[in-house]
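Shared between the two complexes below is chain A, which has chain B as its partner in the first and chain C in the second.
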Partner chain A sequence: MSVSSASSRRVLERGPSGWLAAPALFFFLLFAIIPLAGVFFLSFTKWDGLGEIKLDGFSSWTTVLTDPVTGNALWVTAKIMFFSFIVQAPISLLLGVFTSASQKYRAVLAVLYFVPLLLSSAAVAIAYKALLDPNFGLGPGLGIPFLAQDWLGNSDLVLFVVVFVIAWQFVPFHTLIYQGGVRQIPASLYEAAQIDGAGRVQQFFAITLPQLKYTIITSSTLMVVGSLAYFDLVFVLTGGGPGYSTRLLPLHMYLTGFKANDMGAASALGVILVVIGLALALILQRLGGKNRNASQLEGA
Partner chain B sequence: MASTTQIPVPPATRVAPSSKPSKQGRGRGRARPNFLGGLGGWLWLAVIIVPIYYVVVTSLKNQAGFFTSNPMLPPAEPTLDNYKLVLENDFAMYFVNSLLVTVGSVVPALLVSFMAAYAIVRGKSRFLGWTNKLFLLGLAIPLHATIIPIYWMITKAHLYDTLLALILPSIAFAIPISVLILSNFMRDVPNELFESMRLDGCSDWAMMWRLALPMTRPAVVTVGIYNALGVWNGFLFPLILTQSPSTRVLPLSLWTFQGEFSVNIPAVLASVVLATLPLLVIYVVARRQLISGLTAGFSK
Partner chain C sequence: MVKLTLRSAAMAVTAAAMSISLAACGSGGPSSASASSDSATMWGLTGGNQPVLQKSIDAWNKAHPDESIKLDFFANDAYKTKVRTAVGAGQGPTFIYGWGGGVLKSYVDAGQVADLSDFIASNPDVKSRYLPSVLKNGVIDGKTYALPNNNVQPVVLYFNKDVFDKIGAQAPKTWDDLMALVPKFKAAGIAPFSLGGQSKWPDLMWLEYLVERIGGPEVFANIAANKPNAWSDPAVKEALTKIQDLVDAGGFVNGFSSIAADSNADQALLYTGKAAMILQGGWIYQSMKTDAADFVKNGKLGFTAFPSVSGGKGDPANIVGNPSNFWSISSKATDSQKKAALDYVKSGMFTDADTQALIDSGAVPVTTGIESKLAASPDKDFLSYLYGMAKNAPTFTLSWDQALSPAQGDAMLANLDQIFLKKISPDQFVSTMNATIGK
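Let's turn to the complex of A and B:
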């Protein structure tokens, strides 16, 4: 090449212009960061959603923090987060391992497992509303009296129904993540274990589980932070009821803002939602160690 | 000549984690049939299939049949009247709206995220590092908590009840995960390839499209699918930012349909089937691409 080494080094050290990131940054600032600041600001105002926005000090915060419904919404959110994690994580992990194997029938099953990924939350909720009907749904259809309960009308049961439907909709996605993770585990590890006479269960606990550490963290983070976003499913399925028994925090925010027309209080609830999301993400990040990418390379 | 920069891509360096693993499952699966695993697998299949079966079967019943026949049995006289009713209720318009919003959000989101990911991975400036951190922050925040300021901005910009009101925030919300996945993949492109192109006098713009894009195609597909699913099935933005039937998208139409035809469960379920059908067709046609794309993107 005719280029001298000094000038070629100068050419190579030139990184791309920051302008390439500008369009993405612009959209993100305008519709995510500015609204984020806006939700803090609006929590100190009074606004019905149509008229003037008036500064109102801490009154929205006082309303929100003294309202027992807020505490209830936090409690419902925590319960759904906990139970849906406990239900989804083991099922998706096991299904991920199951579908990663190469038997033909498992591949066929996997094709069907992933179908719920295609459905919108609204569609899933509407389908389950019909399916859970005590008179025209699954219970009478199969002739099993236990299944013919008023699932969505019984405040003791409805939370578990919501957890089940959430699992139905989101396990496929996490199965997919685990399937990908299992397929990246080097085959040599299993071959060595087999030579050593390790059984299937032993292999699972000694190889599969430790090798999936970072997949588990990714999936768990998405699951836990994602459970702050189960708005549409619960909104269509139960509307937060009966009573307040499934009124999750995001749903409570929506109903406060757009049904009770108290945007100030709704914004305060939005701030709480942001803070919880950030805190959870930070905790999970800590649990997972600092340099995820480097450690993942070590594993491979 | 500089213009003849053809980068030969050795198959081994192609960025596709799914191609790395060998068939380790084979060794494990052959050893001894896993009855317990198989049983669990079929059980989960039942959990997935029963609701889908119920929805399809019920959508083919007439109203009298729905009230009198066994809910889990196929109709004695299958009818497509419910589908006709749904199609007559502006289904095509909602479909086109959904399509416009999905394409209108996903294509620009992919474009700006790809450019940003390229700049972040190849660039060295502090500004780009800071931009990347901001996007990562966006992953931790439940962005829908900012819906109230977004609602305010959209009304102030006189975009309320337009498709653009759905498109703009959807682009912004898609950026963090898109940049994360794309930049993870772009880091795997060997630096020497960029350097040799740079020495040949290529601009960043040319390197982005002629080297980075072909090398990260699996990631681009992943991000495109993931975002398209999210936007197509999105419910919160349409619920809050649109109002009239002319801007209604499919998930919202299911919900309003459920309100209008609440007694006609078969018709409501027919609308669920119709709304899912387009994605199901894509899934059947491009299943391999879809699943391997999603797996590759998230198990990195």
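Let's turn to the complex of A and C:
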């Protein structure tokens, strides 16, 4: 009896055994670190995917870094990232707050909002491609001339169409995160605020928003870093076109590797993508994570 | 062997790394399709010729249970990526489906496909069954690496006879005729040309034919041969300028760069009368025959050669497109797989039943001596026209995106897209493309 309680105390002091992390570490090593090292190595080679892999020094890197298409891909990625964030963050925050309340009709709406998340990106892209067709799509079908634009063929318009479709697909996910976050805020805070005479808007800005700080950071990290990984949806919807106007960095990497069959350059682009992704994640964590001792709950 | 293992490992590593960011973009191939299992494997394309190929293989497997072939189908674009990755990793099929050209050459250079020259030499029947102009597309440096396996697919100018009657016009014979038709159709509220611009490769057909008509087949032959500054030939610039003139004149349907050819929306514009003409491959006849049976049956579908350009050097009988698709045999296949594969090529392909099935589907097989069969078909007008076109063409230029290396092809399609959108000038196109020569 005394032995076991002593050992359990020791477990509590040291935390659980480090071996519990072993399986996760193993898979992380196998599927993330080793391939990453492989890609880093391949970026110094020349390989068309079929023949021999030849060491080639920095030539893939010079090709990639001097190619105007890479710069354009970075710019397009930055624009998509910015606009996606601007569109998705407020919508999902407001929807999350709205659906967190307990009324029945809100629960029904929450389920409806959730539907796009159940569809695969490819299915979403194919559906939108059909809906946006200028001759056989939604516009001509319903006889609404405004909807019969050249949505996917106009270089200036297509970026916003892509942002919209991405938002349509991913807002439900972030709504869910915010919904959970709002539900964790103690009701006593709102009760106290009501007694002090705070209105709804005041409550939102003085309680809900500050209490959601970490939820906002989590959701923003996922949004910003996630926009580096938008691939399948854009690939099916526009294929990067027209021209290069929606050729995002991940799409550019894929097309360079598997369409143009230049694995060296594609690997260099992959390394760039990883570096940018890690840097962004770090910055976002720093933005909110400094003051770890600040309590999020009552009495803060 | 060591090299092969390193290569497989590298391929696995690349695939895994890319899949970190490309989570939902594909699945593993059928496990039974690996080259190590002992029955021969074949990867075909979904769509037009799928039922014909399935029937041919079913018949073969029934008659030769000891040499059976396992057949799987993939969508066109997905196949092109998948087969290359699979072959590079030593997991490719016994039968590699292809288009000839630069892609075939890259397989040959990597030693991935078997030299069939001896097989051809010892089986004269196999050689003599093909149209010679088609057969030579599987030859690289004097050796045969690929054999035609389906139908001739030249690019044809299709038109809707109903809308031509409506404005009382004739099919264009020259580029000037064509330009003169544009305002007439526009005045009647009909788009002169349909175009699946989002898919990019339909754009290329315009450039291919215009360069061919203006400068003759040598212009592209020089480009394909990687001669320095080959894109600077004045014919290329003139062709690009003509394309932009046609765009300016409103020749293409509104929103053409949103239209995907993969979903056949471009053909639909033609047979619904929303567009008067379309420049497309011979294969769309097969799909229109299914999708718009009445339109085709009632003779509303017209077809003609691409117009000539005044002062142009090219013979108006020259054609561009895909001479055929091809089978190559994997050099990594086991002996028994190779034997089964060659036996099928020898006696299982282009049987009477196969040839008839192709003709019934609205396609022209690449074999000789089929005139009487074509004449007996309900689609005889189109089929005989296509057959004559392929047989009598002095030059049959392979689609450029297949003829060039993959890196050049990718850059060409993206830049041509911008020509159609008027985002770049012909001069910019030429200098960008000159920089890709040799890549």
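Everything that follows uses one rule, which is that the second predicted complex is superposed on the first by the 263 of 300 C-alpha atoms of A that agree within 3 Å, B and C clash if a C-alpha of one lies under 4 Å from a C-alpha of the other, contacts with A are read in each partner's own complex, and residues count from 1 in each chain.
In this text, a contact is a pair of C-beta atoms (placed from the backbone, for glycine too) under 8 Å apart; a residue touches a chain by one contact, two chains touch by 3 or more.
Values in this document were obtained by computation on a predicted structure and should not be read as measured data.
By the document's definition of touching, of the two partners only chain C reaches A:238; chain B does not.
In the overlay built on the shared chain, the residue A:263 is in contact with chain B and with chain C. When the shared chain is aligned, chain B comes close enough to touch A:194, but chain C does not. Between chain B and chain C, B contacts the larger number of chain A residues.
Judged by the touch definition given at the top, the superposed model places A:153 against chain C, while chain B stays out of reach. In the superposed model, A:273 lies in contact with both chain B and chain C.
In the superposition on chain A, contact of A:136 is made with both chain B and chain C.
Of the two partner chains placed by the overlay, only chain B lies in contact with A:94; chain C stays clear of it. Contacts of A:76 after superposition: neither chain B nor chain C is touched. In the superposition on chain A, contact is made by A:52 with chain C only, not with chain B. When both complexes are aligned on chain A by C-alpha atoms, chain A residues 31-32, 34-36, 38-39, 42, 49, 53, 120-122, 129-130, 133, 136, 228-229, 231-232, 235, 250, 253-254, 257-258, 263, 266-267, 270, 273 touch chain B in the first and chain C in the second. Within the complex formed with chain C, the chain A residues making contact are 31-32, 34-36, 38-39, 42, 47-53, 69, 120-122, 129-130, 132-136, 148-155, 228-229, 231-232, 235, 238-244, 247, 250, 253-255, 257-263, 266-267, 270, 273.
Listing the residues of chain C that touch chain A in their complex gives 3, 6-7, 9-11, 13-14, 16-18, 20-25, 81, 84-85, 87-88, 106-107, 109-112, 197-198, 200, 253-260, 263, 265, 268-269, 274, 406-407, 409-411, 414, 417-418, 421, 423. Chain B contributes residues 17-18, 20-29, 31-32, 34, 37-38, 40-42, 44-45, 47-52, 54-55, 58, 66-67, 70-73, 111-113, 115-116, 118-120, 122-125, 127-128, 131, 134-135, 138-153, 168-169, 171-173, 175-176, 179, 184, 187, 195, 198-199, 204, 208, 229, 232-236, 239-240, 250-252, 254-255, 258, 265, 268-269, 272, 275-276, 279-280, 283, 287, 291, 294-296, 298-300 to its touches with chain A in the complex.
Across the interface of their complex, chain B is touched by residues 1, 3, 8, 11-12, 14-21, 23-25, 27-28, 30-39, 41-42, 49, 53, 91, 94-95, 98, 100-103, 105-106, 109-123, 126-131, 133, 136-138, 140-142, 168, 172, 176-177, 179-181, 183-187, 190-191, 194, 200, 203, 215, 218, 225, 228-229, 231-232, 235-236, 250, 253-254, 257-258, 263, 266-267, 270-271, 273-274, 276-278, 280-282, 293, 296, 300 of chain A.
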